[in-house]
Amino acid sequence: MNKLIISPAPHIHSGDSISKNMYAVLLALVPAYLVGLYFFGIGAFVVSITAVLSCIIFEFLIQKFIFKTTTTIHDGSAMLTGLLLAFNLPSNLPIWIIIIGALVAIGIGKMSFGGLGNNPFNPALVGRVFLLISFPVQMTTWPKPIPFNTSYLDAETAATPLAMIKYNFGNLPEKMDLLIGNMGGSIGEVSAIALILGGIYLLIKRVITWHIPVSMLVTTFLFTGILHLINPSLYVSPDIHLLTGGLLLGAIFMATDYATSPMNTVAQLVYGIGIGLITVTIRLFGAYPEGVSFAILIMNGVTPLLNLYVKPKRFGAPKTKKN
Amino acid sequence: MKTFTFGGIHTADMKLSAGKKIQIVPIPSEVIIPLEQHIGAPTNPVVAVGETVKVGQLIGKAVGFISANIHSSVSGKVTKIDTVIDAWGYKRPAVYIAVEGDEWMENIDKKDVVRKEITTKREDIIQKIADAGIVGLGGACFPTHVKLSPPPNTKAELLLINAVECEPYLTCDHQLMLEKAEEIIVGIQILMTVLQVNKAIIGIENNKKDAISLLQQITSSYSTIEVCPLAMCYPQGGEKQLIEAITKKQVPSGQLPINIGIVVQNVATTYAIYEAVQKNKPLIERVITVTGKKVAKPGNFLVRIGTPLRVPLDMAGGMPEDTGKIIGGGPMMGRAFMNADVPVTKRSAGLLVMPTLESARKEMQNCIRCAKCVTACPMGLEPYLLMSQAEKSMWKEMEETYITDCIECGCCLFSCPSNRPLLDYLRMGKSTVLEQIRNRVQKVN
Amino acid sequence: MNTIFLSLVVLGTIGLLAAIILYVVSQKFKVEENPIIDEVEAALPSANCGGCGFPGCRGFAVACSEATDLSNLFCPVGGNDTMKTVAHIVGLSVVETKPKIAVLKCNGTCEHRPRTNQYDGAKSCKIIHNLYIGETACHYGCLGGGDCEVACAFDALHINPVTGIPEIDEEKCTACGACVKACPKLLLELRFKGPKGKRIYVACSNKEKGGIAKKACEVACIGCSKCFKVCPHDAIIIENNLAYIIDDKCRLCTKCVDECPTGSIQKLNFPIKKKEVAEQAQA
């Protein structure tokens, strides 16, 4: 007979694993990706493939030759970082810029802190914001959404709805177009419906909980709503804010990133509210037309503090004395 | 349907032996009865080598208040009083008895008739329970007479009967309820008399529908006993979780259920109490579940204490070829055994044989801070944090993060996608912190 | 030009203000301390291992500066040289102590001690110890979980993956005693390093009777008392079926090593005898 295995309890496991979670998120991103492919055509394909491949290759190289450990590219997290990075890029971005973004995302955003789980900031957003600051022109010229577009670098450009609002030009797309994603913008952020579909899938699969997305969206809605009520001519209605500028992509896929979000539900609510407030502040009063990336990164920085000071409710904790 | 509100997990039910009649395991030719089968001080042997004992005769006398008597489960001759190697390789004192016939003590009522009338006086009941060596059969093995003697300034108001059996695989309590329902109700009445409460609630998880309807049918004629079906969720069988599920009251951190006027007793313990009080029968046998995916005939067995575990295992079809792990108890809180040649004790609720493939844990990966352990923890703790504190021997910080609240249910490890040994470290940290607290208290006194 | 001037003024003012605040604060909250403490601390190895029994080198330095006699104070890491310097600083006479080293009182390698089961849980001796007796049938021996390796601040202890038990690096071990405290089975002991590192010890802690011990591990001490009888210096005691060599009395004659039937007595750093060389050549 084989030697018996002895281990402390429990002896069964849910079967959950890192790669299962990562691939579930990737699957949830598929609808938004398909919409991106439809509206931005060949450019979206080139950008996303470049981003994903370079993220995987960079992670492999760093783990193999710098850390000299076993590589973990099969767990899907590098692929996810790459795809999320691509979702935040315009589809007419030159390949060399994408590769730089991937290097920053994986090398600085993730690996310099010790790899998966140790990164304080969302790697894809680190890469994205780095590119946004370094190449502001290329990063803010979005191609016009044309179904099955075959042009890549020379695509006709269009402004995002938020830029139109910010700088007061052009006609805003119809609500229906905003929902489907028929507007200028980054590859993955345009289609609200596809992103919500993915979000519902993640909620059902229990990969994410509702706390962060809902608190973030509600905060944004309320904040912009109040401002809209005060001065409708200056501030557009809150539903436009919800549907544009990658807010849904950020709320469902970026802010809920495991490693960079707080560890308990109360802190997660605070975190979501914080992101919502900062996003609206940047959008309406800041220099950039959209601020989800910055808002998430800022709240990523606050996460350790939230973990330290906002503790989960304990079973049977003594009630605080009312004086 | 009611359930507790904090954390919890949903496990695969895997009640393979559900509905299997309790089989009586034949008496082996030799039994080995360990002298410590409970929490508290080990007992003193009161028989000598060569002495003839009867079924139910006292062989180990309790030392101190928190201890429980141990009785012979067979009749025969004491061959030696020596040590036996327990399932974890340690030596424990034990009495070896060579079986001769099956002669019972005269005062034990062997008739299979339910005796409903409670004639024993209240003061005598606790003494009888203590004499019979009854311990909590839910797993902790805490002496029952201690639990039934509330500390001063506390008064029990409600009795909860824990018939949840939330551990996957185990079915012994379920089957006991189906076959001995009348007796259990009498046991509950005895407990109510002792505790002087006029309300008792039986908590049962919803996967035991037949037991729920049977007990509801019986209790319909009693106004004071109520059956409360509960939605399935592990660890509902935990004392604090059960109390919250049924009464919505939370036992304050660091306190006992009696502090909020509640006493919880396991259903198997209740049956043992019935036998002890009404039939003068000490705790000499118990029902155990022998189960496992590869076990040929999983079932429930009534075993005399001291019988080698291999005997019921053989009755269930023997040890399967593909055995990776033997677990005493359920898969969530049971302990892995080094071999199956150990005697059955009051502690053993089940024997679970797991195939090799399922036995080994998967490789541990980085913590990805997914917070699933925090969500799953039924006590509202932060297992990820406690584990890293334990790894770094930060005992003081662990105490401040309330490690002492941990009930060691295993939900954190069960739900961790990185397969991190959270509970291993938590358990180690908890025992270290408790030891430090004890030392501190001793110093002050 | 104006810009440069202005920034110079602004930065200069901020710097000056900060300096003034710093000075005032440091004067206001000055802590008067014996300057000897700093001197002693500088002489110490600053490993903060706690081997001296004080919380860190600073604590030891405070104790030294307040002591009237250095006989109870010893820095195991720095050894006699450091203690000489410390004694010089505090103006007391030094007490010579023989250097020590950690030894593992178990030789239950994978080869000698067959595994009876497979442990699969968190790799920590404490956790294994709380759970059960370990992977072998000997419940006194090394668990191989590596708690000592983690505890060692000097990188002197490493679990050998082949043998499964820790090996002690003689060069690096400072006898701070951190591993002794970390081992739940109390297998590590600080013993005299001996002249040129020569030392003899019983590499076993099994208190079982001979047969059981031998069954669990080939190189177990079976408590046969042969070493006890052969020892000319009364340096060996037998207690609970286990031999123990008293450090102070042992004269390193190696008679016990030759006598031991199981080979549980270890000698280290002895020159190889001619007879053994010949035997090895034959083999």
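For clarity, chains are labelled A, B and C in written order, and residue numbers in each chain start from 1.
Just so it is clear, a residue touches a chain if its C-beta (ideal position, glycine included) is under 8 Å from a C-beta of that chain, and two chains touch if they have at least 3 such contacts.
Quick caveat: nothing in here was measured; it's all calculated off a predicted structure.
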Q: Identify the chains adjacent to both chain A and chain B in the sense defined at the top.
A: C
Q. Relative to chain C, which chain has the most distant C-alpha mean position?
A. A
Q. So how far apart, in whole Å, are chain A and chain B when each is placed at the average of its C-alpha atoms?
A. 48
Q: Could you give the separation in Å between the centres of chain A and chain C, each centre being the mean of its C-alpha atoms?
A: 51
Q. Approximately how many whole Å separate the CA-defined centres of chain B and chain C?
A. 43
Q: Could you check chain A for residues that touch two or more other chains and list them?
A: 4-8
Q: Any chance you could list the residues of chain B touching two or more other chains?
A: 335-336, 338, 359-361, 421, 424, 427
Q) Residue numbers in chain C touching 2 or more other chains? A) 116-117, 120-122, 127, 131-132
**Q.** chain B - residues contacting chain A, complex
**A.** 6, 9, 11-12, 168, 240, 244, 250-253, 255, 319, 323-327, 331-339, 352, 354, 356, 358-362, 365-372, 374-375, 377-382, 384-385, 402, 405, 408, 410, 413-419, 421, 423-424, 427
Q. Chain B touches which residues of chain A in the complex?
A. 1-2, 4-14, 16-18, 20-21, 72, 75, 114-118, 209, 258-265, 268, 307, 311-318
Q.
Residue numbers of chain B touching chain C in their complex, please.
A. 87-90, 335-336, 338, 359-361, 421, 424-425, 427-428, 431-432
Q) Taking the complex as given, what residues does chain C use to touch chain B? A) 116-117, 120-122, 124, 126-127, 130-134, 137, 139
Q. What does chain A use to touch chain C in their complex?
A. 3-8
